[in-house]
Structure formats: structure tokens, C-alpha cells
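If you scroll down you'll find the structure; I have some questions about it.
Note that the chains are named A, B, C, D, E and F in the order they appear, and that numbering of residues resets to 1 at the start of each chain.
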Amino acid sequence: MSNDQLQMLLTQTPEEGFELAVKLAQKGVEITQPSEEIRQMLRPVYSRNADSLIAVSQVVAIHFQTVAAANNYWRMQTPQYWY
Amino acid sequence: MSNDQLQMLLTQTPEEGFELAVKLAQKGVEITQPSEEIRQMLRPVYSRNADSLIAVSQVVAIHFQTVAAANNYWRMQTPQYWY
Amino acid sequence: MSNDQLQMLLTQTPEEGFELAVKLAQKGVEITQPSEEIRQMLRPVYSRNADSLIAVSQVVAIHFQTVAAANNYWRMQTPQYWY
Amino acid sequence: MSNDQLQMLLTQTPEEGFELAVKLAQKGVEITQPSEEIRQMLRPVYSRNADSLIAVSQVVAIHFQTVAAANNYWRMQTPQYWY
Amino acid sequence: MSNDQLQMLLTQTPEEGFELAVKLAQKGVEITQPSEEIRQMLRPVYSRNADSLIAVSQVVAIHFQTVAAANNYWRMQTPQYWY
Amino acid sequence: MSNDQLQMLLTQTPEEGFELAVKLAQKGVEITQPSEEIRQMLRPVYSRNADSLIAVSQVVAIHFQTVAAANNYWRMQTPQYWY
């Protein structure tokens, strides 16, 4: 995503929205550490550390909140229990 | 959930919404560490570490916020104290 | 709460809402570590560690946001300063 | 606050709202560690540790979001730049 | 800010709103550690520790969410892309 | 950004909004550690530490929530699935 511009937050499905949240989390890392070489060096460490993986998942969760709100939660119709 | 596409955020009950939040938290880990073998190796460690368990619970809490909002908090009717 | 299904997020009072937030935080732990035996073993450790207690309190705070929003903050009437 | 029931989230001022947020953060700790004796033992440790203090401040911040929203941010009037 | 009462969350600009968020983060620390002497002792430690600085920045970010919402994001006018 | 005043939260694109979120995260650090010399000394450490990078990404994510909400998620038009 390094060279990608972030165009918009709308996606067709929650699945694509989740992928966008992952990209946003990565983008937050890339801006602080632009060297792909160093990021690749770090990967074997954090990807085998449970606490690091949980922390990554948390950043994704925060971005997914944003993306889901932007897409109005991909609601197709008013649910039955709507008031 | 690895092969599951995330279809929508609407669920019938808060219980199902909580389960979805758990799956979203797992999905955030799986994307960073796709190897199920390595994830299974890590499990005995973090599942017996109180701080890791609390951290997992936090990620679930963030996703549950999103899922609950998407479902308009599963409100069946306007509560009495509604203004 | 292990056997309890989460029925709804509406509660009569903020106090009950806080209790629900605590249960949701516990539920997030139970799903990752279903063994009550192991959870009981961990308890003396994290319940005497200030940082663990603060972390638990944070998860409760996140769930309380959700429960409070679901209950429209238990507002009985429009406050005076409402615009 | 141990014996206090949480009655409502409305307060007269942001200052009182902040105090309520602090109480909610403490309440989250008290539920996990009900012994005031143990909590008093822990206090000298975390109250002199910068990272613990920052963590406490974060829990307060999350609860203050909830309390501020419940009070509609204590807005007395529509600000000039309102749209 | 120790002696300041928190009067309101409205500010003229985002810059002032950010300053308020910083004060709220400090206030959360001061309530747990009221001694300015001890806080001054801790300062050289956390202000030279990257992880502590990032954690402080996170607390500020959470309060800035609250202050920004309270000020309706300091919007002067409806943006072009408003729907 | 040290000398920049934060003028407004509106940006033309999500990309610019993300850049603003990064600046806000940095600003939160600069206020606690105003010395650029010390910040530059810390940089090689945290920029090569996976957990620090993830923590920075989390602060950016929180600010991006604020900026995205301020910009009404840069929606150009009501999406098809709008209710």
C-alpha cells in the first residue's frame, strides 16, 4: 500500500472493509518505519509473538470501527427490530 | 473463519453479535499470522497468561462496539426512559 | 455467565449496566480460556497486580460505552442544557 | 464508591463528569479486587510508576467519553459554528 | 490545572481543543498521584521513554475525540461533499 | 508541526486525513517531550521495535477515527445500501 493513495472508505462488503482496516493499520506502521527492509526483519519476531499479534488485531479493530461507520455498517435494509 | 467471507454485521441476538466480535478479533490475528500451525503453538502460552487474556478481551470489546452499533444495539422497542 | 446467553443490552440502571459490562469483559476471557480451573489459577496473580487490574478496568470501560449507548445513557428526561 | 450505587450519568458540569469518570475507573478495579486492603497495598507501587499512571489516565479518558456523551457534552447553547 | 475547574469542553479552535485534551490527560494522572513532587520525579523517566510517550499520546488522542465531538469538529460550514 | 497551529480537521481526501492523524499523534508526543534532540535520539529505538510501531499505529488509528468523523467519512454521495 506504500504507493497507494487512500481514495475512499466505502467498500462493497464488510470483508473488503476488514481488508481496508488491515491496510490502514499497516499504513500507520509504514509511516513511522518507511524502510520495507527493516519491516521485513521485524516480521518474524512479532508474527510469532502472541501479544504482538493481539496488539495488531486491536489496531485493525479500531480502524474497522471507522470503516464500518463510514459504510453505515453495510446495512442493506432496516432490520426487523428497528425502532 | 479463515475461509469464511464476512457477509454482514447483522445478527439476531447480542449473543451472536458477541460471537461475531470474537471471530473478528481472531480474523485480525489470522491476517498477520496465516499459519494455523504457528497460531496453535502460541495458544498454550497466551491462553494461560492473564494479561494476554485481558488483551484479547479488549479487542473483542472494541469489535463488539462495532457489531452492537451495526445492530442498533438489538433494541426491540423504544425503552421507557427514552426522551 | 458461562452458560448464560446474552439476551439484550438494556438494563434498568447504570449500576446494572456496569455489571453487564463486567460480565462482557469476563465473557471475552472465557471464550479464549474456557477452563474455569485455569482461570481460577490465574486469578490470584492478576488480581494482585496493579497493571492487570487497570487493564481489566479498561476492558470494562469499553463495554460500558457500548451498554450505556444501548441504553441511551439511561436518560430519563432531556437535561436543562439540551440544545 | 464501593457501597455506592451508580444512579445516573448526568452531572452539572464537566468537572463533576470527570470525577464520575474517575469513580467508574476505580469501580472497574474494585470489582476485580474487592479487598480494600490489597488495593491499598498496591497503591504505592502504581502511583509512583509513570506507565501505570498513564494507563489509569487512559481508563478515565474512556469513561469520560461515555459521561460526556451522556451529558451531551454539557453544551449550554448551540456554538456559533454550528451548521 | 490542579486548581482549575473544568468549565466546559467548547473551544474556539482545534488547536485549543488539543490543548484541552492534553490537560485532561494530565488531570487523569494528577488525580491518582496528587503530589506534584512525585510527578516531577517521574517526568525525566517517561519523557525519555518512547513507549511512555506513545502511551501519553494515546490518552491525548482519546480525549481529543471527546473534545472534537463536543465542538462538532469545529465545522464552520457544511463541506462540499456533505450528503 | 511544532510551530503549526492546528487550523481545522477538514481535509479533501482520506489520504490527507490520514496524514493529519499522523501529525496529531506526533503532536501528542511533542507536547510531552518538546526537545527535538531527545525525540531524534529515541527514534532509532522505537522505529525498529515492532511493538512500538504497532502502538504508534494505534494512536494514529484513534486520531483517524476523529478526523474521519469530522469529514463525515469523505462521503461524496449516499451509498446504494443506505437506509
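Just so we're on the same page, a contact is a pair of C-beta atoms (placed from the backbone, for glycine too) under 8 Å apart; a residue touches a chain by one contact, two chains touch by 3 or more.
For clarity, every value in this text was computed on a predicted model and none was experimentally measured.
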item	value
Length of the shortest touching-chain route, chain B through to chain D	2
Same or different contact residues where chain B meets its copy chain A, judged by the half mark	different
Label of the chain whose CA centroid is most distant from the centroid of chain F	C
Rotation, 0 to 180 degrees and nearest 5, that superposes chain B on copy chain F via CA atoms	120
Chain A and chain F: spacing of chain centres that average the CA atoms, whole Å	15
Between chain B and chain E, centroid-to-centroid distance (C-alpha), Å	29
Separation of chain D from chain F, taking each centre as the mean of its C-alpha atoms, in whole Å	26
Overlap residues in chain D, where contacts from two or more other chains coincide	46, 49, 51, 55-56, 58, 62, 65, 69, 74-76
Topology of the chain contact graph, where touching chains are joined (line, ring, star, complete, other)	ring
Cyclic ordering of chains (reference chain C, direction chain D)	C, D, E, F, A, B
Of chain A, residues touching chain B in the complex	13-15, 17-18, 22, 46-51, 53-58, 60-62, 64-65, 68-69, 73-76, 79, 81-83
Chain C - residues contacting chain B, complex	5-10, 24-29, 31-33, 38, 42-43, 45-46, 49, 51-52, 55-56, 58-59, 62-63, 65-66, 69-72, 74-78
